[in-house]
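The first chain written gets the first letter, and so on, giving A, B, C, D, E and F; residue counts start at 1 in each chain.
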Amino acid sequence: MKVKISRRATFNAAHRLHNKNWSEEKNKLFFGKCNNPHYHGHNYTLIVSVLGDINEDSGYVIDISYLKKIIEDKIIDYLDHKNLNLEVVEFQELNPTLENIIKVIYDKLRKELSNEFTLSIILYETENNFAEINETV
Amino acid sequence: MKVKISRRATFNAAHRLHNKNWSEEKNKLFFGKCNNPHYHGHNYTLIVSVLGDINEDSGYVIDISYLKKIIEDKIIDYLDHKNLNLEVVEFQELNPTLENIIKVIYDKLRKELSNEFTLSIILYETENNFAEINETV
Amino acid sequence: MKVKISRRATFNAAHRLHNKNWSEEKNKLFFGKCNNPHYHGHNYTLIVSVLGDINEDSGYVIDISYLKKIIEDKIIDYLDHKNLNLEVVEFQELNPTLENIIKVIYDKLRKELSNEFTLSIILYETENNFAEINETV
Amino acid sequence: MKVKISRRATFNAAHRLHNKNWSEEKNKLFFGKCNNPHYHGHNYTLIVSVLGDINEDSGYVIDISYLKKIIEDKIIDYLDHKNLNLEVVEFQELNPTLENIIKVIYDKLRKELSNEFTLSIILYETENNFAEINETV
Amino acid sequence: MKVKISRRATFNAAHRLHNKNWSEEKNKLFFGKCNNPHYHGHNYTLIVSVLGDINEDSGYVIDISYLKKIIEDKIIDYLDHKNLNLEVVEFQELNPTLENIIKVIYDKLRKELSNEFTLSIILYETENNFAEINETV
Amino acid sequence: MKVKISRRATFNAAHRLHNKNWSEEKNKLFFGKCNNPHYHGHNYTLIVSVLGDINEDSGYVIDISYLKKIIEDKIIDYLDHKNLNLEVVEFQELNPTLENIIKVIYDKLRKELSNEFTLSIILYETENNFAEINETV
């Protein structure tokens, strides 16, 4: 029986939705107020979940302080209090939609975690809008 | 890698649990205070999730304002501030349990969304009681 | 230094907003969808707070299990799974607005609690709409 | 007995903390990562509360749809998806700290509401940091 | 189409993380402040979910009051206000990590529920740390 | 116009309710399962609020990172992952009820904060039970 262990963290960032290959008009029409050239921002809430077997010695699937440290070092320090469009290298070409932000976070976390773990992550942009990537689906 | 996008919405409704084919006594015994003939009510919280591929141009799996509009037009406008037993056609014959309400919502949303999307929905009746339909299970 | 002790509880009820002295048209215009003659409903969340001195022996301002019991006996049992307009005597003449519901609750609780305590109560009708009565204001 | 009626709303905005009369060094030292020149952002949650007497006819202290409309027209439309430093006239000279943002919101709402009402507002910048202005204190 | 029905409950308990086969030094190094010999405690939140078919007569997958009763009788009464290490037989030899606690809860609930139901449970130790066991994964 | 600034923090602790001057029987009868000699525990959530004037230069009532540091140094480090009865000097003679815990926290914070600030604190023991000390009441 596998157990999934989850850790919640938060960060705050500014962004705008914008496709550099589209005209200003098309961007404004398609992304609406999210295209505001002066940026807007969010409190993002991130949940990182690791599915694996319980180690008989420690009683842990993963040491949650180790998971917490990876999230802080690789995601929170990298994105918190940042302008995603201007300051984060992945979004120089990529539009920082909720979908693309969670994909960037997933790719960074996947590299840090052993393949013995199945990874899933949830990212809330607001209390009403959120996204999930789940390796078991 | 597929991404799941979720949107939260709320509505308020009155209902009573009642099987028209059962006697009053059996209804009262089985459904308890939920069978009160004068109705009671809830703040329902609905989460609609759509799993699909990220469109490379828009950076979206689905335009969440479009998803929001479908939820408002097909579900919230249809159920909000209503008496489910008296005013909603599906519940003329069907007992409005949490299970049947989420099934009615699922059927309505399924018709509105392309089959390229995998759909899942969660419906909270109270903070302690909730239901889920998930096409991936 | 006085300490305020609070207890949270919930109940579910149906109601409609309606002033019996107004015409149907005026009621519908003024109260909108909340005037639906077939009723709608809510999950109400109630917070009851008692301000007083700490008893040196018990270390309590009030025994919170006693406060819990009063809330259950006098409010939850009285209002839960009820139709406020049809089944609660206070609302035979009084329109069950959020303001009038909290006033009815306050009057019932005030009788149960010693005057050495200052009472305040909060009542949530939804996550966005709530009311408060506070004897210290 | 007066009753306080509250309405919750949310908006998302970008900002940076910066005092134009201070050097870049002093700003950076004092405001830390909140001084990031490229901005960061938040989901702000606003609670507006109005204390007054219950009107005997309507059963309302204030029509909460009217209160909702004032909040949307004067605050949400004015601040949502905006860069507070660049796009909001009050913050051209005023540093958009949580304290100054709530003060600007208070001043705008105070003008819209009759003096028969006592006003209080709460503004959450994150789940851990929030501010309140309350005319009764 | 199967529907998943969920019920939330809470309990409070004390525990310490400790492997009896390790030295005091290794326990302290590995489990940190969670190894405190005088114990610490948590408010645990448990969500129990049952996936099955809707019964056509009742409109239920499972009677949620029956599910509530099982949770109260088998889990809450067994763990609430207890010291897990000293008072719960399963943790006499087993380290009460979040993973092992959820496994003990799962084993107890699995025995009570028919195999026609697929079971999944979530256990929150804090708002930031939680675990899940899901038979469908 | 004064502004109140609030900061939220959490800690986990074990305790039992017990009056050393009472017999075992009286303790058990009065405090019920909270008197369990093996202890139980909680996730406590603390909100510390400081009311004062906005400083014109900084735009702050108080630097919230300074407030956060005081809370961490004086309260969280002092109480987190502790057994309140066995390890905290104030509760050697004082029964660690919610009322007495919030009083101990208040006394420690009051010493750290200038008298130009009005202090109020809220302490949640569970989602249903909480306490407040407020200098303005």
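Everything that follows uses one rule, which is that a contact is a pair of C-beta atoms (placed from the backbone, for glycine too) under 8 Å apart; a residue touches a chain by one contact, two chains touch by 3 or more.
Owing to the predicted nature of the structure, the values given are computational and were not obtained by experimental measurement.
Participant: Among all other chains, pick the one whose mean CA position is farthest from the mean CA position of chain C.
Facilitator: So the farthest one, by centre of C-alpha atoms, is A.
Participant: If you average the Cα atoms per chain, which one ends up farthest from chain D?
Facilitator: In terms of C-alpha centroids, the chain at the greatest distance from chain D is E.
Participant: Which whole number of Å gives the spacing of the CA centres of chain C and chain D?
Facilitator: Computed from C-alpha means, the inter-chain centre distance equals 28 Å.
Participant: Quick one: chain D and chain E, Cα centre-to-centre, how many Å?
Facilitator: 41
Participant: Quick one: report the Å distance separating chain A from chain F, using the average Cα coordinate of each chain.
Facilitator: One centre to the other, that is 34 Å.
Participant: Touching two or more other chains, which residues of chain D qualify?
Facilitator: Answer for chain D, listing residues that touch two or more other chains: 127.
Participant: Mind giving me all the chain pairs that touch?
Facilitator: Every touching chain pair, ordered by label, is A-B, A-D, A-E, B-C, B-E, C-D, C-F, D-F, E-F.
Participant: Hey, which residues of chain E end up touching chain A in the complex?
Facilitator: For chain E paired with chain A, touching residues are 17, 19, 21-22, 30, 32, 94-100, 102-103, 106, 127-134, 137.
Participant: Which residues of chain F touch chain D in their complex?
Facilitator: Per the stated touch rule, the residues are 1-9, 49, 51, 54, 57-61, 64-65, 118, 136.
Participant: Enumerate the contact residues on chain D facing chain A in the complex.
Facilitator: Residues 10, 12-15, 33-34, 36, 38-43, 80-83, 86-87, 126-127 of chain D touch chain A in their complex.
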